[in-house]
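What follows are several structures.
Shared between the two complexes below is subunit A, which pairs with subunit B and subunit C, respectively.
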Partner chain A sequence: MSRRPLIREVPPASWFFRHPRYLRYMAREVTSVFVGAYCVLLVIAMQRLAAGPIAWQEFLVALRSPVSIIFHLLAMAAAFYHAGTWFNATQKAMPLQIGENFVPGSYISGAHYLVWAVLSLVVLFFAGVF
Partner chain B sequence: MAKSHKPVVWFPFAAGGTVIAFCMPVIVVLGFLAALGHVPSGLSYESLHAFAAHGLGRLVLLGVIALSLWSSAHRLRCTCYDFGLRADTLIATMLYVAAIVGSAATAMFLFRI
Partner chain C sequence: MKERLVQLDVLRYNPDTDTEAHFQRYEVMCQEEWVVLDALNKVKESIDPTLNYRWSCHMAVCGSCGMMINGEPKLSCHTFLRDYPGVIRVEPLTHFPVERDLVTAPDDFMEKLKRVKPYVIAKQKKPIEEGEYKQTPAQLMKFRQYSMCINCMLCYAACPEYGLTPHFVGPAALTLAHRYNLDSRDEGRKERMEVVATKEGVWECTFVGACSEVCPAQVDPASALQQLKIVGSIDWIVEHLLPGGKP
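Now for the complex of A and B:
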């Protein structure tokens, strides 16, 4: 009797439609496209900043195009989704044990959310938003 | 001892993921305000130039951009694989080279300021 291993056919490009969990995973994966594109924009921004005040002013004007506004909306959604899922994962990635007991996961994620909120407010304050 | 180059890729990825999670939303919000025409005073040439000209500010900008680039390159590589593009060696090489070039370019721009 020959043992034939079970081989499941997995469609390489559409497997993630099989389960909502896979779709959520892929939604998170796709945020890397927008975050990556935004990193490229940041590199360009540094180039423009180094090129002098006129180049920087032109860069700021170029940011106001409709395409740029839509891109910023998508990048913002991606950045917030990445941040939320990352902080939710911290409680699984670094569980904290004190004595016999584990610190509740919500405390670990909650602490990250708190630091995130404070850091963001500090940056907004020093950037002169309010 | 097992030898692997994985930690070299993995550490900047994890550090970059954390940096992106903490810093990217607020950076994009600042960019969005500028895109709407309400440029925050911190993004004016004088303020941002002064920040980038300071040693610590320069280090912060370089650190955030370089780590974010590396983390994004690693995540894009995984995303390509998950979407069925299985030429992993080619894609990984292209993306990591792009991340290194982008980081080097950022360092060059910042030290020119």
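Now for the complex of A and C:
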């Protein structure tokens, strides 16, 4: 019998079921699919807008379909989760040291949430919501 | 002292006789305030002297006794039996070759640690009569957290990226590279970034964050790696997009 170390392979397709933290990571990664799909939808919207008023009206009607509304709700939930994970990560990636102390991480992430909220209000204002 | 009968399922592997590992059940009386390492020591002393595992300090400083305890990378000297009411499953650290029982081969980690040059590099050494290299408390605090690493390799066992792509330099080595890059006495950043800012360096990290969750010394390797990504990106922009730029 040869004396050899035991190599325990990582299952390439199911490793993320080994611990809830890996499932949380995969959930974060999957939400990017919705964010990407919404970007594609925006490109289609621009293409329809450029195609003329009739094409644009047809596009707006399609947006009101049940399938479209379900997609938008899913995409919005995914975008909130995705953005939240990254805003929470900013305190790790961009620590702020003043003198001997570091600014609490919650301040850094909180500032990102604040800017996000303000920018969202600005966008909604220009969209004519208020 | 309150005692309880502890059941341990320990992964056994003998490289001389086994082709596969198997679990062996031990039942041993332990005091309630003991840690898993105490239970293993009692097994070795009173039941099975052939059981192999590493340990040294018994105070979460040396980083020798890392194992998977109920599937989680832990220091066995820092894992209290009272937190585990049922059968405790003890395995060697994942992602490392198993030498025997709970003993893993750390060679890959040691080689990667050497590659990032985890020491202060000074281009010109000061003559001893000029005195020590001084550092303000603020300069120390910049890297202090990252200097607390005890090389226990729990972060490597938790990192799925390292398990799937073993050429990844990995959390602890990259964190130590960052620690020395941040040191005001150091001038070796450029040498380290040749290893760090590469595909198998920091760009293999997908920020699962498991390394920071399991770190027993609160080093937070995930934060070091994300900061290194920013540093690497700025270096690249300066070198490739700015006229006459040098990182």
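We take it that the second predicted complex is superposed on the first by the 124 of 130 C-alpha atoms of A that agree within 3 Å, B and C clash if a C-alpha of one lies under 4 Å from a C-alpha of the other, contacts with A are read in each partner's own complex, and residues count from 1 in each chain.
Going forward, contacts are C-beta pairs under 8 Å (C-beta built on N, C-alpha and C of every residue); 3 or more make two chains touch, one makes a residue touch a chain.
Predicted, not measured: the structure shown is a model, and the values here were computed from it.
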Subunit A superposed: clash or fit between subunit B and subunit C?
fit
Output check: A:5 vs subunit B and subunit C. Expected answer is one of first, second, both, neither. What do you get?
second
Contacts for A:73 in the overlay, against subunit B (first) and subunit C (second): which applies, first, second, both or neither?
first
Given the touch rule stated above, what does A:16 touch, subunit B (first), subunit C (second), both, or neither?
both
First, second, both or neither for A:123, with subunit B first and subunit C second:
first
More residues of subunit A are touched by which partner: subunit B or subunit C?
B
By the touch definition at the top of the document, which applies to A:95: first (subunit B), second (subunit C), both, or neither?
second
After lining up the shared chain so the two structures overlap, which partner does A:60 touch, if you call subunit B first and subunit C second: first, second, both or neither?
first
Least Cα-Cα separation in the three-chain superposition, subunit B to subunit C, whole Å, stands at 5
Identify the overlap between the subunit B-contacting and the subunit C-contacting residues of subunit A.
12, 16, 29
Touching residues of subunit A toward subunit C in the complex: what are they?
1, 3-8, 10, 12, 15-16, 18-19, 21-22, 25, 29, 89, 92-95, 97, 99-102
Give every residue of subunit B touching subunit A within the complex, in rising order.
17-18, 20-37, 39-43, 45, 47-49, 52, 61, 65, 68-69, 72-73, 75-76, 78-79, 82-84, 86, 102, 105-106, 109-110, 112-113
Subunit C to subunit A touching residues, read off their complex:
13, 15-21, 71-72, 94-95, 97-99, 105, 137-138, 141-142, 160, 163-164, 206-210, 212-213, 220, 222-223, 226-227, 229-230
With touch defined as at the start, can you tell me which subunit A residues reach subunit B in the complex?
12-13, 16, 26, 29-30, 32-33, 35-36, 38-43, 46-47, 49-50, 53, 56-57, 60, 63-64, 68-69, 72-73, 75-76, 79-80, 82-83, 86-87, 115-116, 119-120, 123-124, 126-129
